[in-house]
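Below you'll find the structure, written out as structure tokens, and then a few comments.
Chain nomenclature is as follows: A, B, C and D, assigned in order of appearance, with residue numbering initiated at 1 for each chain independently.
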Amino acid sequence: MTNSGKPALGVGMIGYAFMGRAHSQAWRNARSYFDVPAVPRLAAVAGRNEAAARDTADRFGWESVETDWRRLLERDDIDIIDICTPGDTHAEIAVAALEAGKHVLCEKPLANSVEEAERMVQAAQAAAALGVRSMVGFTYRRVPAISYARRLVEEGRLGRIVHVRGAYLQDWLVDPESPLTWRLQKERAGSGALGDIGAHIIDLAQFVTGEQLTGVSALTETFVRERPVSDPSLVGTSGISGTSAGNGSATRGAVTVDDAAVLVSRMSGGALATFEATRFATGRKNSIRLEINGTRGSLAFDFEDMNVLNVHDATVDARDAGFTRVLVTEATHPYVAGWWPPGHVLGYEHAFTHQAVDLVTAIAEGTDPRPSFSDGFQVQRILSAVETSAEREGSWTPIGGARVPSPSLS
Amino acid sequence: MTNSGKPALGVGMIGYAFMGRAHSQAWRNARSYFDVPAVPRLAAVAGRNEAAARDTADRFGWESVETDWRRLLERDDIDIIDICTPGDTHAEIAVAALEAGKHVLCEKPLANSVEEAERMVQAAQAAAALGVRSMVGFTYRRVPAISYARRLVEEGRLGRIVHVRGAYLQDWLVDPESPLTWRLQKERAGSGALGDIGAHIIDLAQFVTGEQLTGVSALTETFVRERPVSDPSLVGTSGISGTSAGNGSATRGAVTVDDAAVLVSRMSGGALATFEATRFATGRKNSIRLEINGTRGSLAFDFEDMNVLNVHDATVDARDAGFTRVLVTEATHPYVAGWWPPGHVLGYEHAFTHQAVDLVTAIAEGTDPRPSFSDGFQVQRILSAVETSAEREGSWTPIGGARVPSPSLS
Amino acid sequence: MTNSGKPALGVGMIGYAFMGRAHSQAWRNARSYFDVPAVPRLAAVAGRNEAAARDTADRFGWESVETDWRRLLERDDIDIIDICTPGDTHAEIAVAALEAGKHVLCEKPLANSVEEAERMVQAAQAAAALGVRSMVGFTYRRVPAISYARRLVEEGRLGRIVHVRGAYLQDWLVDPESPLTWRLQKERAGSGALGDIGAHIIDLAQFVTGEQLTGVSALTETFVRERPVSDPSLVGTSGISGTSAGNGSATRGAVTVDDAAVLVSRMSGGALATFEATRFATGRKNSIRLEINGTRGSLAFDFEDMNVLNVHDATVDARDAGFTRVLVTEATHPYVAGWWPPGHVLGYEHAFTHQAVDLVTAIAEGTDPRPSFSDGFQVQRILSAVETSAEREGSWTPIGGARVPSPSLS
Amino acid sequence: MTNSGKPALGVGMIGYAFMGRAHSQAWRNARSYFDVPAVPRLAAVAGRNEAAARDTADRFGWESVETDWRRLLERDDIDIIDICTPGDTHAEIAVAALEAGKHVLCEKPLANSVEEAERMVQAAQAAAALGVRSMVGFTYRRVPAISYARRLVEEGRLGRIVHVRGAYLQDWLVDPESPLTWRLQKERAGSGALGDIGAHIIDLAQFVTGEQLTGVSALTETFVRERPVSDPSLVGTSGISGTSAGNGSATRGAVTVDDAAVLVSRMSGGALATFEATRFATGRKNSIRLEINGTRGSLAFDFEDMNVLNVHDATVDARDAGFTRVLVTEATHPYVAGWWPPGHVLGYEHAFTHQAVDLVTAIAEGTDPRPSFSDGFQVQRILSAVETSAEREGSWTPIGGARVPSPSLS
């Protein structure tokens, strides 16, 4: 089967930075490597900086450029709105797009607050009734090793899950002279390591186990509480203290988000869990770690070796048991058949193509894709509970709506 | 220098099971591989089961056997009492031995309660004033990779510590048909995974960082709450429910300790920490993991690869930086010069020899060895805080006497 | 800087299978992720099967399709001929293209024989005098970890090289029922594992060390000498024995190439080397291993973990030395700045983009790119020497034109 | 069962250096950790340096000291002669001991020449007829992971073996100022890396596969051909050039053995093999690597992680297959039940205890232990063939007496 002669789906992407580059490649690759039922068309990229948007269009083949994202909602040739902007803009854009009848792919975290996220869920549910689809960009779910891990759990290969160990470790803020950016300001970013990377590892843990966190005891910390302000225009705005130090050193502004968060939890199936998100784990660049222990087997994953899933099968005789290093590059692994022969490893951006393929497939087939806005909302409630618990020195904070655990195996 | 012509120190060991075998080897090896200032003499092994004690004596060369440990305290040819019995007997034996003027090596955990531990500390301090030494058996401190890790921290190679990640993972209780033993009964064992293995990883974290836990938010769980009773004599005793199931299955008794514990903490230097101790981490046999991130570098250790310490130096240019897999088998690594050439790896029991060497050296040189009973007491207080926090659903529980953290780096 | 307003270079690609898919992506990605001085235009894809070629064009955005590759040579809008066909067609196409004034990128191995390769070198040299560029597709040179390894050697970080250990291990032929294909017939493929994958590891060893193999002692083996013929049209052609077995089993044909080759060598700088290429290393999928030991340091690489280079620095104090696991994803690593932040790993096909970028850069800047046809020719001579040595039971076979080694360090 | 009341076997050990320390521990440990049918008695240690021998006796509990090894042969209380001296003395001692009716354990390599080895085999066979046992110290066979590997091959888990990859990598000679010692002189040591460590890896490959090398194509090299002479008494003796350099530098002597050897081979079952032995692999301390690929599975081992065997099972569905990291510390693994619980790893010297246990068991049970002197002799013939091949620039040199390979699988 080829992709020619199939219906097209016009994509309008908002934002063109890091995520814009990853998404552009994905929309382009979907038809190149997969037999999709509908073919994404790179219709328009929108951004306030027209030159930058045009450069992105030029590099990736977007057909047109808009400087006002609202224009995308008015265009008939655009079917999908792809939101790659900071979190404080998600709710407004997504709700408007859904109300305009556009399918929406929204980068994570879904929103900067539970309230915004809840509004987005309502808009998504109303739109779904009319056949309009929505999806949140927890892209790591579609790393083949992670999708494969999910399948193993679904097949019962781990038995009942008793332990979850999740961590997302980076180190780009260790240097106290690293400058203050919007990511370190609560108004723009919502939270720090917690929402930016903690959201991913929490989503992954829930996705792979098929269970939910039921509550948390959490601590957070901001190790460097003031940083140099490289952009003078920020001074005077909320949170920028503007202390111009005497001895020639730069103006400094307050960091108003967490640098790191740690928490313990109970999963809805009774497992104990630990999670950690930090930008201060010196030497760890993008270490997304997930370990799951069940009564029949275990899993271990680290994104720094993303093509590998370590799997332990406890039903094997102890003499021959151990963690098997599965190189997740076989044609029978999720998504891999579209790419290369065994052993020809995939990279970071491939999961974005899988996300694009799954979304256009869901649209073409009339099904609701996952992770849904509800999934994103549930993560948002966890992030909120983490902040609440941290404010109360780690006291147990239940997640609203989560199921009650039933821990005993006997 | 040779070991001949040196003073001897008579050792009386109480207990002959797993720990007894490890300690016997250590007392024997100390003189074989190290130039100790005083030579341990395997004077007597004591145990209620005389045949078993005699077999141990026969295998390892103990000169005599006693069936009542009190006899050891009366013998003039015994200088050191080595306590390898379950935790509920430690306090009585150790206090009596110290009062009898015997140096004491006591297996961990120091005691089953904070109160007992405190009594032992008082006895140790009183004895120390008279030149009588005491030490608690947190043996893993003397694995060369761990001792080397401590040195790196002391040298400032990690800078200020911001993260600690500790875990002690085993899996021998995953099978729900694994029988009830004294280790699963609160009266004998004090606690479960927490005191048995959690104590080790907490001690290691404090030892390597040189900092203390200041408080905890903890959760514990008993996944299998009833287990078959293989020893009928246990039925009717406290905690043994004695439900003889109808369909031919065995009598079952209640497990009264934790199977697993997870916690978050703040170190006295401001670092965030997570700890986990479990006997349910399927596929992990004796995985003692310690990761430390500092502002200048990081460490990572796993006992399942015990001869290796992974070290990251953040002062190296990013192009050439990464975790260096140091094979800790060089003559310049702690304790290694006594053994084999580089690359000829050591095993589990070698650390016990290092412990014996350090204790007899301290006795000979008149210094107080570490870890002291006070160190053991401080760990006991942490274990107690963990239990308190877990009873209160993870609420923050400070560790009495710990220093207050000062987290900000800026 | 953006890529708009730059000159375009029309690419005509011949072949559309595995390599065609990798090259298509590369031509497209070059402008997307890199600031290239000239922008590749996907002008035409050529192939005998028009439907297949059209599908490739549709998937990757090739502007036109040709069913006769000679048409590409006549088109003025085509500047680069990209040869992705089997080895027995390389010489004819490449020579014709160069004579037509087209720059040429030719997949490896350069040719199926030393004679063909020599003709191609002559054509390349004649063309170079006229400013026409040529390059052979030893793409793995441009995996960032490999390029970084080369830089370390150039910087003298390894000192004098004393050992090279190269292996390319696959396992897709272990099953004796795996069918006979053109890759297993000498007429089409030239050789088996030797030319297909052995060529890569030999090229990498020479590239990273900057030295040449001076001779070889080699053994080769065909473990499965007859395989089922799935394509009946092959029966009767050279090498297809056409034994139709009685009991319903398939017709079988002779495998006329090697399944595996092993060899020892001396490098021009005096190092001892071992190489291995096999399709029978059960469990190894695409394990390209290169280890180099020098007097000042060492390197170790395995493509199954392609974003990592393990580097040992022997000038570091032994206490702190070891192999450093460098995650080659920093902006200061070769090629990486074009892609993602640290820790966001790359995959198999990224090196093809680097190859495309370097070729268009060389064309734009008027320099001769490497690896040149001469480099490919030199590898071809080594492959030929391996075959000669293997026919003579491993007797030492010098490589024509290689420098004489000077092994002693003292 | 206990060890008391069992017959004793008096051991007389000759040599007290590195090997003497390892063997002393083994004789002592055998009864401590294993239920041996006869109990080794540390009767006497012999050495020319009486003080050194006495120190060894004092450290390990040897009952007496002799300065002439011949005295051991005359003593009735000595049943086993344990030869831990350099290779040039093995033949004389072993033959005399066997003729005196003593069981013999002889360190490897069996001898420094094929002729000596042959004489030893004859003596061993004559003695065996009288119930006198002999064994050569290829101790690494008894590392549990290696013994387990052998069992897997015996069980057919690897199918037919097609590839063997062996290497023994050390780096202690990289420094050209490292002094000349007896190990670098052909008269004493026989050969260099080849006989010292190459012998081990060749023996391991043959032991685990149950096959023999049939011939070799080999290259050897001496990278540093002169080294400083620290011991002036060596000057003037054979091979010591005595060039006293002018500018204050030390006298230098010629290195007359190989620093490294590489070879390719065919196993008797048809597999292709590569081997390497070197003291110049910078950063590798005692890296004994063995990889075996068979039609049904594969093995990979590295002594630097000696408690692990990586095992691939090709009969598992490709989706779930990979190398399983078996931690060889279960009670069902060879030798492990004598030691510690799972995950409590063993070290270098434990294999010597296993060797002692197996020898005393064979003596008590009246069976011939392996590796026999014949096994050692066969390795000696391979070493000799390697030297012959290297002298003839890698030409194929058959191993006398080896079976002919039958390579085809089809």
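To be clear about the criterion, a contact is a pair of C-beta atoms (placed from the backbone, for glycine too) under 8 Å apart; a residue touches a chain by one contact, two chains touch by 3 or more.
To keep track of the chains, here are their UniProt names: A, B, C, D = Putative dehydrogenase.
Being a predicted model, the structure only gives us computed values, none of them experimental.
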Under the touch definition above, the chains in contact with both chain C (Putative dehydrogenase) and chain D (Putative dehydrogenase) are A, B
For chain A (Putative dehydrogenase) and chain C (Putative dehydrogenase), the contact-path distance works out to 1
More Cb-Cb contact pairs, comparing A-B against B-C, go to A-B
Greatest centre-to-centre gap (Cα means) from chain A (Putative dehydrogenase) is with chain D
Per the C-alpha means, the centres of chain B (Putative dehydrogenase) and chain C (Putative dehydrogenase) lie apart by a whole-Å value of 54
Cα centre of chain B (Putative dehydrogenase) to Cα centre of chain D (Putative dehydrogenase), whole Å, reads 36
Chain A (Putative dehydrogenase) to chain B (Putative dehydrogenase), mean C-alpha position gap in Å, rounds to 41
Among chain B (Putative dehydrogenase) residues, those touching two or more other chains are 284, 321-323, 327, 342
Touching chain D (Putative dehydrogenase) in the complex, chain C (Putative dehydrogenase) uses residues 162-163, 165, 167, 171, 174, 176, 217-219, 221-227, 260, 262-266, 270, 272-274, 276, 278, 280-284, 293-298, 312, 314, 321-323, 393-396, 407-410
Chain B (Putative dehydrogenase) residues touching chain C (Putative dehydrogenase) in their complex are 148, 310-311, 317-327, 330, 332-333, 342
So, in the complex, the side of chain A (Putative dehydrogenase) touching chain C (Putative dehydrogenase) is made of residues 2-4, 18, 21-22, 24-25, 28-29, 31-33, 51, 54-55, 58-61, 170, 172, 284-287, 303-307, 327, 329, 340-350
